[in-house]
Structures are given as structure tokens and as C-alpha cells.
Amino acid sequence: MKLTRKVKEILSWYESDNPGTKANLARILMTGRLAGTGRMVILPVDQGFEHGPARSFAPNPPAYDPLYHFELAIEAGLNAYAAPLGMIEAGAATYAGCVPTILKVNSSNSLSTTKDQAVTATVADALRLGCSAIGFTIYPGSEHQFEMMEELRELAAEAKSCGLAVVVWSYPRGPMLDKVGETALDICAYAAHMAALLGAHIIKVKPPTEAISLDAAKKTYEANPVEVKNAAARIAHVVQSCFAGRRLVVFSGGEAKSSAALLDEVRAIHAGGGNGSIVGRNAFQRPKEEALKLLSDMIEIYRSRV
Amino acid sequence: MKLTRKVKEILSWYESDNPGTKANLARILMTGRLAGTGRMVILPVDQGFEHGPARSFAPNPPAYDPLYHFELAIEAGLNAYAAPLGMIEAGAATYAGCVPTILKVNSSNSLSTTKDQAVTATVADALRLGCSAIGFTIYPGSEHQFEMMEELRELAAEAKSCGLAVVVWSYPRGPMLDKVGETALDICAYAAHMAALLGAHIIKVKPPTEAISLDAAKKTYEANPVEVKNAAARIAHVVQSCFAGRRLVVFSGGEAKSSAALLDEVRAIHAGGGNGSIVGRNAFQRPKEEALKLLSDMIEIYRSRV
Amino acid sequence: MKLTRKVKEILSWYESDNPGTKANLARILMTGRLAGTGRMVILPVDQGFEHGPARSFAPNPPAYDPLYHFELAIEAGLNAYAAPLGMIEAGAATYAGCVPTILKVNSSNSLSTTKDQAVTATVADALRLGCSAIGFTIYPGSEHQFEMMEELRELAAEAKSCGLAVVVWSYPRGPMLDKVGETALDICAYAAHMAALLGAHIIKVKPPTEAISLDAAKKTYEANPVEVKNAAARIAHVVQSCFAGRRLVVFSGGEAKSSAALLDEVRAIHAGGGNGSIVGRNAFQRPKEEALKLLSDMIEIYRSRV
Amino acid sequence: MKLTRKVKEILSWYESDNPGTKANLARILMTGRLAGTGRMVILPVDQGFEHGPARSFAPNPPAYDPLYHFELAIEAGLNAYAAPLGMIEAGAATYAGCVPTILKVNSSNSLSTTKDQAVTATVADALRLGCSAIGFTIYPGSEHQFEMMEELRELAAEAKSCGLAVVVWSYPRGPMLDKVGETALDICAYAAHMAALLGAHIIKVKPPTEAISLDAAKKTYEANPVEVKNAAARIAHVVQSCFAGRRLVVFSGGEAKSSAALLDEVRAIHAGGGNGSIVGRNAFQRPKEEALKLLSDMIEIYRSRV
Amino acid sequence: MKLTRKVKEILSWYESDNPGTKANLARILMTGRLAGTGRMVILPVDQGFEHGPARSFAPNPPAYDPLYHFELAIEAGLNAYAAPLGMIEAGAATYAGCVPTILKVNSSNSLSTTKDQAVTATVADALRLGCSAIGFTIYPGSEHQFEMMEELRELAAEAKSCGLAVVVWSYPRGPMLDKVGETALDICAYAAHMAALLGAHIIKVKPPTEAISLDAAKKTYEANPVEVKNAAARIAHVVQSCFAGRRLVVFSGGEAKSSAALLDEVRAIHAGGGNGSIVGRNAFQRPKEEALKLLSDMIEIYRSRV
């Protein structure tokens, strides 16, 4: 496999990383139908933990089987598949070498009343399961944010020393943020920036809305305006907040929605210079053929010229 | 000993596990009168911890003696015997090699006012006592759920690395759950699924009732109905939530009840595709001969064709 | 030294222990005037920590000197001497090999407002000081009970692996227990049983009263009555709760009281099958000659035929 | 490179440190336009963490790129560049050996409601990234101050053993301090002194105001007056509190302000015997040419004779 | 250097300690003008941490310099000098071998609202700095007392294993104690006894007042009266509570006071059999010549026959 110029450039941004980590980043970037483009579509399946099995899989019952998701990611030509320990354990041998996997090492659930997650897997698990990366969620703004960041520090340092990549889900929430604030532009950019500062290789955030949430930030955005009505401009601001684009950033699909709405979002991500999508429920809650069609449409957008 | 096709199939589901763990799973599945069937009946004796010695053993005083339970499990032809540290230490040498043992490594008690357990034994204990597995209880939904899951992560990782199997008791409770919620169908399926995601080899839950507890789940169950009036259908939904049946799931017997009621439950578990029963008070609180008769009747049901 | 049949039988109950731990149990059981009988009288001196030096030693000032207690235990022909770190350090070399010592590794004090103890010594301390056992207090029912049990788990596992014995003081207290509850029969039996489940070799509890404290237990005791008016029957119930007598259980003397009252208690312990007494203030707060006389009287009772 | 007499004298104050740490202190003191003078100007860029990316970098967008700051520090001839993990990782290889770096190993953010920070990097990170020092913030007076000091103890001990220097940001806050108190003269001197006691090599505090905050201290300052109206005298008091000047102390620039105001502050620091400035927003929020001019003016002041 | 009979006797009390620790105790006891007498005067300088630099050093500005205190201790012929990490680091090489040092490994400050301290240094620090002992404060009665005792357990065990001595500052405070209670006779004796039980080699308490604080203790003191009006008798009771005098106990000087008052206190300590004084503010807040005179007068009292 020969790296494309684009992938070589991206790897050059991670100049402090060891060859093992670079190889795993390259593996993710050189897999699937977007191989070599610097864009990615990733399948995450941790909704069983977050929302329960029925809410996640009943709309498309074959998805109860962990093997289904490996196959979906492979058939769709995605860059990687991310899931918690049990899901990866269930298929890691069968699909060894078929698709890069990201072990989600912390998880929350719908029975929790705190803004925290349990660390449910380790770097050692990722290594024994042949994963290319670990995935970790932080909740910037939560009362537990510092412990979460410290858990990430330990796991990320160990992952990097072992040649793995680190993917950070950065989802702001907590006493200073209402529902609007959690996806406000300033907050989303801040969350992405913190993930970059914490040493993430790939950052996952939600697509930002037009809102500006923190009073302290409003003056700044008035003095240095972002074209907030333009979804691509908002994406570009998040990309800028990821070290001026020197860190890969992907955007989540969120709740199941219409294909048209999702593809509009993808066009904005693409136009704004985002590195791709990480799309779960919109993929596995559809019948497989529909899912493959939608994923293919997304990929086509990312393959097009900006 | 030659593995049956059924047991070989089950072991194939645990494709990420090392040969040591597979051997211990096989040991449990190939022991007793249900050997080779993929079904199990397990004797758990941690009620002395949970409810105190008199409430547990006064109805059948020979059960005060830890050796009694080893003998009961062996004479009844059960698959395994599970108990806390002191109980296993008391007979592990006498009955070495006679019946697979599961070391229950955390425990609560009736004097506690919190929804938590103490970790009272270790993987090193399980190894020195010749156990085949560790057993661990989580309380999904409890204020302590994340710490419990993190304790499980550590113990399970160590157990797996040492060739032991991991049995998870998943008992939902906490601020979002009333008494009905704790055994509601959606909650029971969710609890089983989380245990699977956490990497359990064998999952223990309570038989689910007809209730649906979480508001967020009701819409899902309306759109994708489960035949909740049918006990076997409820069991099948839990089995489905255990990775579409790719993880072993057994059901607890609960409080002492009539043999008829218990056997009805067993028939539903059998019909719904559950992997068996884990039955304590209903076994050791009866005079031994009665207990052997009841356990034999249960086994006969599990040996029958579905 | 040749073990008696009784001691050999007792050691056989500890079938999971290594020869080092068995040797230390044997050392305790084969020392003093009760050597070989399976009964013990132990001198514990942690009251300086619990109540302060003056309340403990002013009634008999020579007892301010740590060497006094070693000598008292030796002269009285007791089985062992238990004390906190500083007390053992002060005489361990002078009396090396003269009497088995039990290092009390956690302690509370009268200035505390919580139901917890500090871990004040380690297994390494016990080894360097030539002790035969560690002693650890748990408060079943306390808000701190789970942490205490987890501390015990760690210390007990390490002690056992190093060939030491483990003595557990099990003193119930906490939000569900009033003063009567703390020494109620059901609670005392429960506390002793939990210590056994946690892997204690020797269990220390207070003599139980006639009360039954937990509502949930009352039905059990009505259906399966214990002769609560009979002190020996109460002791026998506690012995039964210690794995049907397969774990050594000794009873504390409590506050200083008349010799007659104390000897009555000893007679009940003896008649009920308890393994002996652990008596502090009633020993060291008397002038030495009186203490020796009382201890001798106790020993005589334990040496008599039941 | 030959050390100046001044730098040799400064190194002599750190008589307990190993040659590795002395070499890194020398590296910082012998770099840039102030090399050899015992004065320093340091560029810190952790405002992205503290205030978010837009509030930090939107006024001068090239500053979104981590490489910008390395270049600014090098072009301006500064002594060192301090930043969190991700910022250093992004340029550590490109600028290896070009400017001493200080890895900021803990960080807070504007979404936090507690007076604490997360430890976000380690000594191992500093070593693999070729840093000369770690930087750590304490909040003396905060409810979390003792944990922060204990984290510092661990990190500082490890850093020193590995030949790194330790820079401590000492920012008082907490229940006993209002806004005025946080920069009051007595508090600032106290904060600097605590950093020295904790073993810091370089101490960073805010320039003190005229206020005296603690009632208990007022009597002392009345009996032993400091000329509080004189900024240089206030600086001198802080220097005195750093072991009579035997520890390096630098002063932060704070919010962006006019060049004139900043240079006045620098003159006071210089006159009072402070060891220099650590200036972030006032440097990188200006267009680069303006920043270089301002930094040059600062350096000129520090190069002048007092 | 030949040990005196008195010092040999004292060392014999520490019979469980290794030769390294005995040598360091001997070093302290055989240094200065009280060498060989079994009495000590120690200079502690942690007031900069506890009260701030100005309140500590402004009355005598040369004391801002850490070297001043080494010199004061040496010139005055004291037994040892105790201080926090930074203070020892600043002069440990210059004064290596000139005076035994005690590294104070935990510290509080006047900005704290909790009754706790931060652990600010380690045994490894004490070893690399050539110290003879570590010093640790406990607050018996505080809500944090158990954690503090557990920290002490760990540090003391490590110190002893490395041949260092352990000095414990035992200062009672907390919810059960008012200001009077903190220095009451029963409480002071209790605090000293607990330090002894925790394994301290040298115990530091405040001189006790006439008060008896704990209700539970009053009966004891009535039945076994101490001559509370007599300062020497109170000291003797504390000495008795330190294992009947088998542990070294020194008394703090407290706030700066008149020389006459201080010398009266010293006479009582001497007459009551206390092992000496640990005097900070009364020493370093005076001009050096005055301090040397006062320390000399104290030493003369300790050198006199009782």
C-alpha cells in the first residue's frame, strides 16, 4: 500500500507520534472507499450502551448481532468501526484485518443520573483485539470533566506508547450549559480545541449550531465574526479550532433522520473542510441495503472536489 | 472428554478468548447432567452474605456447613457452584476437581443502605482455589454503577488473562428505577446487554416481567412489539439482547417458591432459548432429598427438546 | 511440639491455607495453658487507641508500659497477645518467641465522629515484628463497611500469602442499628458469618443478647427458634453461623466487670462451643496478681469437660 | 556555551538539584536575547484551554496554528515557550532544539465551576517531547489546594529525578479570598513562598496590588511596613518571599492591555529585582510584527542596568 | 563518637528498629550542646507555610533566607533543624553533615478551611537531601484524621525501612474539641499516646493545660488524679502516656512570648521528664544574638540536674 500525498501530509502533522501510531492512523485513512482522500466515514455502535438494545436495534433486528456491524462497515467501504469491549470481542477474530477497529473504552447509559462515564476497557484490551485506536468520551463542562480528562491522559499516553491512535468524543455538558449551549458554535469549537490540547489524533464533535453560548465569548465573536448562518462556515471554524486544521475532526450524525437531511450535513462538513462523518443510528437502524445506499451517497460527497 | 457440537458452537462465540478461558467455559458446560447440552443449572450460595445466616440456612440447618453445598451441587449433577471467598476456601481442597466453582468476588448485605457492594475476593483467590470463573454483581442505574463497572473491568481483564471465565450478575436498581422497573422487560434486557458489552461470558439476570419502565423505551416497544404476556417471548427478548444469543444467559430463581411455580419459570426459560437457571434458596432451603428432586425436575426440562 | 488431635482437626478446617498459615494457627493453639484444647484466651491491648491512655491504664499504672502486657500474657499462660503497631514494636525483640502476637492493623479513637478506622499497620510490619497474625476490625452496617471489607480483603490476602493468620473483630454498627441492635443475637450471628465469608481464620464478636433486631429476620427466628434466654444456646447459634463451627470464634469481655459476671460469661461460651475469650480491660486494669487469678479461673473453665 | 557569572550564581542556589536539572535551568537562562542576564521573558500559550480558541486566537488568526507560537518565541528571542500537551506535540519535532519548552501539565477551562485543574500531561510526556521543564498551576486557598499540591509533589519529584526543571504557577483563590484578595500583596507573597517551599525552581505569580487581605497579616505589615504604593517595592517583597531572592520568580502579564501599561509593569518588575515576565495574550493576540516590537521593548528594559 | 549511657538506654527502647534508624536517632541525640543527655532542642521552620512569609520572617528579615536557619541551629548548638522541602533543598548541600535535618513532609496553610494537610515531600526526598528523619503532623479528632494516620503509616514504614527516624507532630482538633480541648491535659496525653501507637520515634505535642476535656475521661481523672495545677506533673503525665517514657517526647514553644515565660515552660518540661523543646518563632523572630542567648538559656536548663 502506497500512501497518497494527502495522507502523507496528514501524518506529518502528528510529528511527535511513533511509527506505530502513524501506521494505525494510516491504516484508518487508507481503508475503504475514501482511502487516501483524507476524509473518513466511521461506524460507531455504542448506542446499545447509551440507549439500550431495543431502542438501538429493534428498528433493524439483524443489528442485535455484533457481527452485523463488522459486515456493514466492510461492505460499505468505511474507514473504521468503533464499539465497546463486548462488541469487538465478539467479532475481532472473524474479521481480523478486514477493517480497522476503534475500541470505545468508556461508556455511559440511560440509567445514569450523572454526567460521567465508566471506563470499561483498556489499552491492553485494544492491543489483544487488534484495534487501531482507542475511543474515549469527555464531557467538557461536567462536574466530572477533570477526572475524565485525567483518565484520558492515562489511556492516551499508554495508547500512544503502544502505537495506537486516540479518538476523542468531545461532548460538552454540565451546569454552565443548557441544551442549546451543548451544540453552540463557540462551545463546539472549544470542545474540539480541548480535545486537540489533550493530545487527540482524531476529534469527534457534533455539528455546531448558530448559537453562541458563553457570555464571555460573545464579545469575541462580535469583534471577529463567524458567518454563523452558513453551516460550512461553522464547520470551518471548528476545523480552525483544531490547530488550524492540523488535527483530524469528524462530525457525528446524531439521531436517525432523513437521508436528505443527513446528506446536507455531509455537504456542509465537506465544504467546511471537516474530515468526515461518524454515523451510527443513521446507518444500522436502516435495513442494510438502505444503509449501504446512504453510506455510499455520503462517501460520494466526500470523494467529490470541494 | 469430547466436546459436543453444541458446546463447540458456544465456544466459537467467544472467539477473542484464550484457550484457558475456553477450557473453563467448557468445563462448566461439560459438567453434570446437562453436560454438552448448552444448558446449565448453577447453585449460588451468597445469601448468607446478602440476608444473613439464619434467614438463609435456618430452614435447613445442614446448610450452615459449607461442605453441604459442594455435595448438593455434585449430587444433583449441576454445572457449577458459586459462593463467596470463605465458603469456597472451606471446601475447595476436599472437593477439588469434583465440580466447577465460581468465586463470587463482590458482596452486599442487609445492613447496607447504599446500592453498592464490597469487592471481597480477587482473581488470585480464584486461581489458588482452583475456580473456573469469577462472579461479579453490577447494579446498573445505581449511583455506584460506574465504579462497579470499573471494578468489573479490572477483575474481568485479569480473569481473562489468567484463563478464567467471567460471570456477571446484572441487577438494575437506582434513582430512575422503582421496584417494578427493576425487573421490567426493557430494563432486564438492557441490564443483560450491558453485561455483554462489558465482556461477560455468562450473564445472570432475573426473569423479566411484562412491564416496560423507561419512557424513552416505550415508543420503541410500541413500534417493535414484544409479546410481553408470553414469558418465553420475554426470555427470548433478553436472549436477543445478549448479542442475538451469542452470550450465555441464565436466570435466577429468586425467593423460595413452590416447585410448580419454579418449574413453570424453567419451562419458559427453556422455551425462550435461555441457557439455564441459577437457583439458590429454592435448592438449599429445602431438605436435601426435596432439593435433589426439584433440581432433577429442572434438569429434565432443560434436557427435553424445545 | 506434637499437635493434639483437636488441633489437627481444627487445622483440617482451614484446608485452603498454606503450611505457613497453618503453622501460625497451630502456634496460637499450642501455646499457654490451653495449648492443644482448641480453646483460647487472648489478651488484646488496643484500648489506649480506642479510649485513651488514662482511661485504659490509670486504674493500674504499670500497664502504661508496653512490656507489662507481654509479661502478663506470658505469665498467665495465654494463647496470644494482640496490640497496635507501637505496642508491639516496643517489646517484640525482648519477648521474641515467648508468646504469639497479633498485630492489630486498624484502629479508631474516641475523638472520631465516623464509624470507620484508620489502617495503621501492614502485613510487612507483622512479618518484621515476628507476629503470628494480623487483627482487623470491620463495622458491618457502617457507611464505611464496604471500604473496610475491601481493606480487609487486601490485607488478608497478603497475610495468607505470607503464612500469617487473620483475626477479624466484627462489630456491627451503623444507620440500621441502635445500641440494642449492635449486640442482638441475629446481628451478632450475621457479623460472625460475614467475617467467616471474608476469609477470617479467627472471629471475634461480642457475646450476643436475647434481642432480635432486623425485622426481616424475625420471621425466620419465629419459624426456627433459638432458645434466646439461654446464653449458651445463643453462643451455639453464633458458632453455628461460623460455618457450623468450622471457623474459630472467640468472644470479647467488654467493659471491666466483676469476676463473677465474667466467669459466668465464660461458662456460657464454653458450654455453647465457643473457642474462647479475648479479654483486655478485665485483665490489665486489675492489679497483676488479681488479673492472673482471674485469667487462671477462666482458663480452668475452658480446660474443664463440657 | 559558557555560562555567565550571573547564571552560575543562580544555579548555585539550586544546590540540591542534579546536573540534568541544572542544565535545563541553564538552557532556559542562556537562551534568547536575555541569555546570561538572569532575566527571562517566557511565552505561555494555555489560554486556548483556559478561555477557548476564539477568545484566545480570533484577534490574530494565525495564532490558531500551534507552529505560530514556536516561531514567535524564537523570532522574539525569548527564553522559553510553555504550552499544554497538544500544542507541544504539534511542533516539538519541527522546532527541536530551537527554543526551550515547558510542558504545562495541568489545565482548567471556562466551563468549570470548581477551583481545580485536570492533570493533562506527565513527566514522561515532557521527556519524549524534549521539554526543559514542566509547568504546574496551584490554587492556594482553594478547596482543592491540598490535592493540587500533592499532584505537584509527585510530578515535581519525578521531574527532578529526570533532570527537568519545575515551573509553578501560583494563583491564590478560594473561600477565604475575594477578587481583591487574589492579587493582594500579602497573598501574592504567600503564594510565591508556598511555591518555593514546594520545591519550585521558577515561580510565576501575578503582579501584586497594594491591598493586604488576611486580617492575621495586617498587624505584621503595620509593624513591618512595605512601601505598598511603590510597584517595585511590592515586587521586591515578593522576591524576598522567594527565599530572599534565591528562587527565580517571574510575573504574568494578564489580560491584553496597552503596550505602555505593560512596559510600566516590566519596569517595576525589573526595578524590584523580579526575574522577568511570562506574557501570553499581550504577545500572541497582537499582529506578529507588533508583538515582536513589544517583546523587544520588554527585553530592552530587562537588559538595562537597574 | 561514643554514645553515652543515657543515649544507649534510649536506643534500647527502639528495639524493633534497624541499625540505620538507630544511627539517625543517635545522630540527633549526640549533636549540639545537649549531646548525650537525652534532652533535645530542635529548630522547626515551617511557619512560612503555616502563616505566610511576612508573619514569619518580617520581624527578623534575615530569616527570609533559608540559610539563616541552618546557621542559627548550628551556632546555637541545637540537636536538629526541621523544615519543609524547599527550605531543606536550599541549604542541604552547603550544610551537609553540619546538623541533623528533619524533612517536614506535610504542611497546611492559613488559606485552608479544612483540618488537613498536604503531603508535600517524600521519604525519597529525605534520603536524597541527607535528612535524619521525616516529620509528619496528624490532627487527631479531625474529620481527616484517618487519612492522615494512613499517610503517616505509609511514610513511616518507608522511612523506617530506609533507616530514617520518624517525628510526629500530634495536634488534636476537630468537631469534638473546642479551643480549650485542643490543649487539655487528657487530650494532649491521648494525642501523644496515639503518636506512640502509630510508631513515632519522637513525639511533638503542645504543653498541656489544666483542663480535662472529654466527659468520658473525667471520671478516670477523678478516680486517678493528676496534680493538674503543677506544670511539671502535667508534663509527667504526657511522658507516662508515651509508653511510660519509652518514647521521646518534646514540647513546642508556640507563639512568640517573653523569654521568661518560655524558660518557665522549659523548667517544667525538664522537671516533668520531657525530652526537650522544639522552638521556632521564639527563636528565629528574635535578632540572632537574642535568639542565641535564649536558646543557650534553654539548653542550660536541660543540662542541669533535675
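Odds and ends about this structure:
Just so it is clear, A, B, C, D and E label the chains in written order, and each chain counts residues from 1 on its own.
One rule holds for everything that comes next: a contact is a pair of C-beta atoms (placed from the backbone, for glycine too) under 8 Å apart; a residue touches a chain by one contact, two chains touch by 3 or more.
Being a predicted model, the structure only gives us computed values, none of them experimental.
Both subunit C and subunit D are touched by E. In the CA-based superposition of subunit D onto subunit E, the rotation angle is 70 degrees, rounded to steps of 5. Averaged C-alpha coordinates put the centre of subunit A at 58 Å from the centre of subunit E. In whole angstrom, the spacing between the mean C-alpha positions of subunit B and subunit C is 36. Across the assembly, subunit D contributes no residue that touches 2 or more other chains.
Viewed as a network of touching protein chains, the structure reduces to one closed ring of chains, two contacts apiece. Here the chains link up into one ring; start at subunit D, go to subunit E, and the full order comes out as D, E, C, B, A. Within the complex formed with subunit D, the residues of subunit E that make contact are 48-49, 51-55, 58-59, 61, 64-66, 84-94, 107, 109-114, 116-122, 124-125, 128-129.
For subunit D in complex with subunit E, the residues that touch the partner chain are 13-17, 140-141, 143, 145-147, 149-150, 153, 157, 172, 174-177, 186-187, 189-190, 193-194, 196-200, 214, 216-217, 220-221, 223-224, 226, 237, 240-241, 243-244, 246-247.
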